[in-house]
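Below are two complexes that have chain A in common, paired first with chain B and then with chain C.
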Partner chain A sequence: MAKIVIDGVEYEVNPDNNLLQECLSQGLDLPYFCWHPSMGSVGACRQCAVKQYRDADDKEGMLVMACMTPVTDGAIISIEDEGAKSFRSDVVESLMISHPHDCPVCEEGGECHLQDMTLMSGHNYRRYDKKKRTHRNQYLGPFINHEMNRCITCYRCVRYYGDYAGGTDLSAQASHHHVYFGRHEEGVLESEFSGNLVEVCPTGVFTDKAFSENYSRKWDLQTAPSVCVGCSVGCNTAPGERYGSLRRIVNRYNSEVNGYFLCDRGRFGFDFVNNRDRLLEPVQRVDNTGELLADDQVKAVIKEFAASGTIGIGSPRASNESNFALRAMVGEENYYAGYSDAEHESMQVILGLASDASFHSPSVREIESADAVLILGEDVTNVAPRIALALRQSVRNKAKELADESRIPQWQDAAVRELAQHERSPLSILSPAVSRLDDVASDRVIESLPNVVAMGYQIANKISSSAPSAGASSENDEVIEKIAAQLKAAKRPLIIAGNSNGGDVIKAAANIARALHDESGKSVIDLCLLVPEVNSVGMGLMANSANSLGIALEKLASGEAKRVVVLENDLYRRAAKGQVDAALSKAEKVLVLDQLPSATTANADVILPATAFSEHEATYINYEGRAQLSFQVHQCQKQAQPSWRWICDAKHVDDLVERCCSEAPGFSRLREVLPGENPFVAGMKVPRQSHRYSGRTAMTANVSVHEPKQMEDEESIMSFSMEGMPAQKDASVHASSWAPKWNSNQSISKFQDEVNGELKQGHVGCLLIEREDSSDSYFEPAVDSIEPSAKQLRLVYSYQIFGSDELSARSKPIQARMTDAYIGLSPEDAEDRGLRQGDVATINPLGAPVVVCIRTGIKAGTALLHCGDGKISPADFSGLIEVEKSAAQSTIRGIGNLIVSDFQEEEISS
Partner chain B sequence: MSQQVIASTAKKARKLSAPEIAEIEHEMTLYPDKKAVGLEALKIVQKHQGWVSDESLLGIAKYLDIPVADLEGVATFFNLVYRQQVGKNVILFCDSVSCWIMGCEGIKGHIKEQLAIDYGETTEDGDFTLIPVPCLGDCDRAPVMMVGPDLHRNLTPEKIDSIIADYKNK
Partner chain C sequence: MLTLIKDTLTSQVVTLWRVFSHLWVKADTVEYPDEQPYMFPRWRGRIILSRDPDGEERCVACNLCAVACPVDCIALQKTEDEEGRWYPEFFRINFSRCIMCGFCEEACPTNAIQLTPDFEMAEYKRQDMVWEKEDLLIDGTGKYHDYNFYRVAGKKIGGKDKGEAQNEAVPVNVRSLLP
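== the complex of A and B ==
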């Protein structure tokens, strides 16, 4: 710790940081633009100038840029010095020269860092009366609006998009006052993380296009802390609602999980909540038409289903509470897993490894600190996008190491990058096709999935000779040797795999981690095992290992079980069509609870409408086993209820959490995510609406001029109101980031115990799974006896960030980026079958139509299948398939939206 | 691992000509990093094509396997990399302090009259494009201008006429 004096007050600060960061950590107001807590300093904007004095006798001092000045013990600085203040005021005045002052029509207005900083810097009168420079804006796709005239050239967008997120299609162009941030031509921003530009840009150059079409000011949005339901990472979000519709999602800081950034699925995938097709009333099928159910009829139905002979099928996209309520309703032995049998099998492996004390499942922040990474078989960008962004940061640990050696502070962003050039920490990717992380990979091997698994075993064997090897030696021996050595030499190695394509790859990954554990003497090894859905792990813990979906369907088909309750799940995405058809047609009665109609609800006898993630309070468990609480943001206008409320008599979500803690093994710590013992400050609830929430008395005046009473929230520590303990500094929960003088999301530093630290009121979630004992047995490699014939291809499921997730695929902005179901083929395999780019083909044995997508980065003999939005079920196909040309021509979306680096395209020569 | 050029940018790329490639290849031997060759490659293509079209820009990016957005950043940073078609001869006319003192305003008026173009414009026959530059470093012989690679000093309206005629006949 170092001591410095700021405006006569002594502070204890961290000597590894710069002055700006430490001023903000101390809660002081110092304006800045180009600095960002996760991107460090470049000293571009000159806004954070302060006076620094040589010693106590120095009365003159000199101006320094706080973000570029290291903290030194005994430093004396002044923020309030008149010279520094007037310099900052002049800087912002010149930055604002060409700014259009269009705040009233700008989406950023009211949460604009530029507004805040302009005011804070004391520039309030415009002297420049000449012509302003103007720019043409670009079309940047369905997510982001572009309004270049508002730009103050802080360069944060390109530093984020290119340097941080690895995007290659946004750059700084031209020079002096013409500087332009855009693409080389109009077109969709390619990065899967483009939405963060909305929050990274200090003003309204990049704004949320989907939000813009249903716009509301920040202060008019009803907001609560929520958790993204797009994948298994569980990023924290702050959704905003107005007039009964969900308007947008912004990032909510969680130091352990998502930090400052979300992926585009998470940011733009919420619109299914507003989908016109939402199920909103309880209905019963009578002679092929729906009949509304009255309350007592619903009760009768539930009573009927509570009788013996009913089985329940859970859901990896439903909350712990709803899954638990179903389990309690039908009994533990009758509660079945709601994902495919293949996933069920691999989940058992994952859960087994999750309680092994030799391993640690790293949080996103921990992933960033890995100094050697191996990805085995998984397409991280499409399965758990936020982790791919973290991996891009992990490869920079080498640069940080070099910086330390050269005594360059790590926050000196430009200097550290310049020093490191192309030096990166090792990241090796072994998979059947290229991925979006390849540009930062040190080694990438494209091999068939069985070979990837075999290579995994070989790496384990190279690390520790007690680990079994598999497969024969090949041309990959050298790279296997290299990867093994890199992992062994690393301080914090990380192995990543996932269950997109079965459990074999997970076993191989676990062997590598175990070999590292045995050989390196490290107490735990980071083993990150990805699963696809928000509560895959929660449901996996809840279901008995013997209770797979296949068995449930068999029981129904055989008549052993008479009735089935399907919780928030489209079974046709989980099992083969024939299997589900047989089960549902044989079942006497089928009850489905869900948000949106699906092939399964079409076969239901009773449908009960379930609330979506923003309409109820719930807990979910992410890939690490981290339980997190998501608050209700707004009410569902119609009759939808949380699924658990339909099927059990618990009054309160907390009651269910309590029961879950005591009754479901593995959940005993779940109650820790609930707000603490005394969540109320001065006996007041935390309002979901801001103090400035406008028009409340008039909101429903078109219906009645009498203002209705605000709905009471009996469940939560939050209220549907403006009154209460403001969600600012003192509240026990943190929803929307807002502090005096700081209206933008940059106010987050006011809520952190220090910059990049934990939130003062924060709950980072709680790790549920206890790691007890360490097994020392290695997995034995399975023998893959199936050899494909000349016509057959090995099937690999390909997840897509836009389209593979069932619910976000029902959101309009996401749909604008989706493709049809496609089959990815290598050029050789396509040529053999007479297929060309964009052709329609059928996959046999089932004859399902798919679009042909020829990519040069797919291993020959492998076919990547993307199932689109549920027209094709992955469960319909097993390991080997045949692909042939189809006579059908028409496709809806085609594959034009696919952004991959290896799309085969013919060159135009001139 | 190389930077990967993505599909949408590969669509309209022009295949670089053999002489262009030969010169770019030579430059590549002089730099440790392909990104650094970007500017030289732009100059080479401009030398052969007269300017850098979108297709050429894409072609260079593809050939060097660097992001086209980065290359566009370089191309637009430098005023003398032409991203719009220019005439056969580009007149770089100095209108900085020394030339201004020596009466470049009048000379410019004369050029404007003779060629019927203003700054940033190209004559209808495509022979000349007129562009201002801040200084050509030849102030002791102001007013000065460049036409293509040639420097012309101590300009007078008469000299302008003969220079224009010379280049027209070339």
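== the complex of A and C ==
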């Protein structure tokens, strides 16, 4: 710790940081633009100038840029010095010279860092009367609006997009005051993390296009802390509602999970909540027509289903509470897993490993600190996008190491990058096809899936000879040797695998981690096992290992079970169509609870409408076993209720959490995520609306001029009003970040212990799964005896960030980026079958039509199947398929939206 | 004591005289409603939405009036035409809540919302005091005749390209190497 004096007051600060960061950590107001807490300093904007004095006798002092000045013990500085203040005011005045008179028609207005900093620096009247430079805008796709006039050239966008997120299609162009930030030509921004530009840009150059269509000012959005339901990472979000519809999602800081950034699926995939097709009333099928159910009829139906002979099918996209309520309703032995049998099997392996004390499931922040990474058979960017962004940071650990050696502070962003050039920490990817992370990979091996698994076993064997080896060709021996050595030498190695293609990869990954554990003497090894959906782990813990979906469907088809309750799940995406058809037609009565109509609801006898993620309070468990609480943001306008409320008589979500803690094994710590026993003054609740919320006495006046009473929230510590204890006092229920003088999201530093630290009183979630003893047994490699014939191809499922997730695929902005179901083939395989890019092909045995996508980066003999938005069920196919040209030629979306990064593989024209 | 009595009497007599003398003075009040009083142009009465000199809606749906309103009686929703011009999809004032404070007019960056000298807004039904955009929007510029926000703002709209607003240079050619 170093002691410095700022304006006569002594502070204890961290000497590893720069002055700006420490001033903000101390809660002082110092304007800045180009610095960003996660991207370090470049000193581009000159806005954070302060006076630094040599010693107590020095009365003159000198101006320094706080973000470029290291903290030194005994330093004396002044923020309030007149010289520094007038310098800052002059700087912002010159930055504003060409800024257009746009604030009223700018989406950033009211949460604009530039507005805040201009005011804070004391510039309020335009003196310059010459002409403003103007720019033409570009079309940047369905997510982002471009308004280049507003740019103040802080360079944050390109530093984030290129340096941080690895995007290649946004750059700084032209020179002097003509500098332009855009693509080389108009087009969709390719990066999966482009949405963060909205929050990174300090002004309104990049704004949220989807939000702009249903725009509302930040102060008018009713907001609560929420958790993204797009994938299993569980990023923290702050959704905002106005006039009964969900308007946007922004990032909510969680030091352990998502930090400052979200992926585009998370940011733009919420629109299904506003979908016109939402199920909103309880309906019963009577002679093939729907009949609305009254309250007592619903009760009768539930009573009927509560009798014996009912089975329940859970859902990996429903909350713990809903899954638990279903389990409590039908009994543990009648509660079945709601994902495919293959996933169920691999989930058992994952859960077994999750309680092994030799391993640690790293949080996103911990992934960023890994210094050697091996990805085995998984396309991380499409399965768990936020982790891919973290991996891009992990490869920079080499640069940080080099910087330490050269005694360059790590926050000196430009210097560290210049020093490291292309030196990166090792990141090896073994998979059947190219991935979007390949550009930062040190080694990339494209092999068929069984070979990837075999290589995994071989790496484990190379690390520790006690690990079993698998026979495979020797052509990759060199790489195997190299990866084994890298992992062994690393301080914090990390193995990543996932269950999108079965459990074999996971077993191989576990063997590598165990071998590392045995050999290196480290107490735990980071093993990150990815699952596809928001609560896959939660439902996996809830369901008995013997209760797979296949067995449930069999019981229904055989008549052993008479009735079935399907919880927020489309079974046709989970099991083969014939199997589901047989089960549902045989069942006497089918009850489906869901948010949107699906193939399953079409076969239901009773449909009860369930609320979407933003309409109820719920807990979810992410890939690492972290339980997180998501608050209700707004009320559902119609009759939809949380699924648990339909099927059990609990009054309160807290009651269910308590019951879940005591009754479901593995959930005993779930109650820790609930906010503490009324920590607030005089029992006041935390308002969901900002203190500037407008229009209360007019928003419903067109219906009736007599304003209804403010809705009460019996359930949570938050209220649907402006009144109560402001969230500013307690960050654990802190959704919309705001502090006096700081209207933009940059106000987050006011709520952190220190910059980039934990939120004050904030809850980072709670790791549920206790790791007990470690078993030291290795998995034995399974022998893959199936050899494809000449015509057959080995099937590998390919996830797509836009489209693979069932709910986000019903959102309009995401749909604009989706592709049709496609089959990815290597050029050789395509040529053998006479297929060309964009053709329609059929997959046998089944005859499902798919678009052909030929890529050089796919292993010959492997077919990559993306199922589109549920038209093809992955469960309809087994390991080997045949592909042939189809007569049909029409496709809806085609594969034009697929991003093939040009420097990874040559483009194949159709 | 004597002085006190004298002063009191004088004061009362003077007061009586003053009151009496007003019998011949012209009345300040008028026989409303038979006779209409003169209203000062800056009187804070009925709120209107005005149009710019080109006849387009001035309101850009920036929401500043709504947030300035101390009784929260203004609600609106932004929408956009095909060429990027912002305007309110709906704009509602609940006059049964309005206190005619004029903060909305002060907050308005485009001079769209203005208070007028009209005060005759009584209704028999309270519901009738809820006014929508159709009721509020007038066909003129109101008190401020010349201001046109979009002529000053940098945003491109129909009929005004980039670089055509006040004090704007022509758009930069990014590909040019010239200084």
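Keep this in mind: the second predicted complex is superposed on the first by the 893 of 910 C-alpha atoms of A that agree within 3 Å, B and C clash if a C-alpha of one lies under 4 Å from a C-alpha of the other, contacts with A are read in each partner's own complex, and residues count from 1 in each chain.
In this text, contacts are C-beta pairs under 8 Å (C-beta built on N, C-alpha and C of every residue); 3 or more make two chains touch, one makes a residue touch a chain.
All values derive from a computational prediction rather than experimental measurement.
Student: In the superposed arrangement, does A:G331 touch chain B (first), chain C (second), both or neither?
Tutor: After superposition on chain A, A:G331 lies in contact with neither partner.
Student: After the superposition on A, what does A:W219 contact: first (chain B), second (chain C), both or neither?
Tutor: second
Student: After superposition on the shared chain, which partner residues are touched by A:I899: those of chain B (first), chain C (second), both, or neither?
Tutor: In the superposed model, A:I899 contacts chain B only, not chain C.
Student: In the superposed arrangement, which partner chain does A:P845 touch: chain B (first), chain C (second), both, or neither?
Tutor: Neither partner.
Student: Have a look at where A:E190 lands relative to chain B and chain C in the superposition and call it first, second, both or neither.
Tutor: After superposition on chain A, A:E190 lies in contact with chain B alone.
Student: According to the stated criteria, A:A441 is in contact with first (chain B), second (chain C), both, or neither; which is it?
Tutor: A:A441 contacts chain B only, not chain C.
Student: Now for A:Y180: first (chain B), second (chain C), both, or neither, which partner does it touch?
Tutor: both
Student: I want to verify the contact counts: of chain B and chain C, which reaches more residues of chain A?
Tutor: Of chain B and chain C, the partner in contact with more residues of chain A is C.
Student: State whether A:L170 touches chain B only (first), chain C only (second), both chains, or neither.
Tutor: Once the two structures are laid over each other on A, A:L170 reaches chain B alone.
Student: Which parts of chain A are touched by chain B and by chain C alike?
Tutor: Residues common to the chain A contacts of chain C and of chain B are 173-174, 180, listed in rising order.
Student: Which bits of chain C are touching chain A when the two form their complex?
Tutor: Residues 60-64, 66-67, 69, 71-78, 80, 86, 90, 92-94, 96-97, 109-110, 126-127, 129-130, 132, 149, 152-156, 162-163, 165, 167-172, 174-176, 179.
Student: Spell out the part of chain A that touches chain C in their complex, as residue ranges.
Tutor: Against chain C, chain A makes touches at 100-106, 109-110, 129-137, 147, 149-150, 173-174, 176, 178, 180, 182, 212-213, 215-217, 219-220, 243, 692-699, 701-702, 704-706.
Student: For chain A, which residues are in contact with chain B within the complex?
Tutor: Where chain A meets chain B, its residues are 168-175, 180, 183-185, 187-188, 190, 421-422, 434, 438-442, 444, 898-903, 905, 907-910.
Student: State the interface residues of chain B toward chain A in the complex, per the touch definition above.
Tutor: It comes out as residues 1-15, 33, 54-55, 57, 67-73, 76-77.
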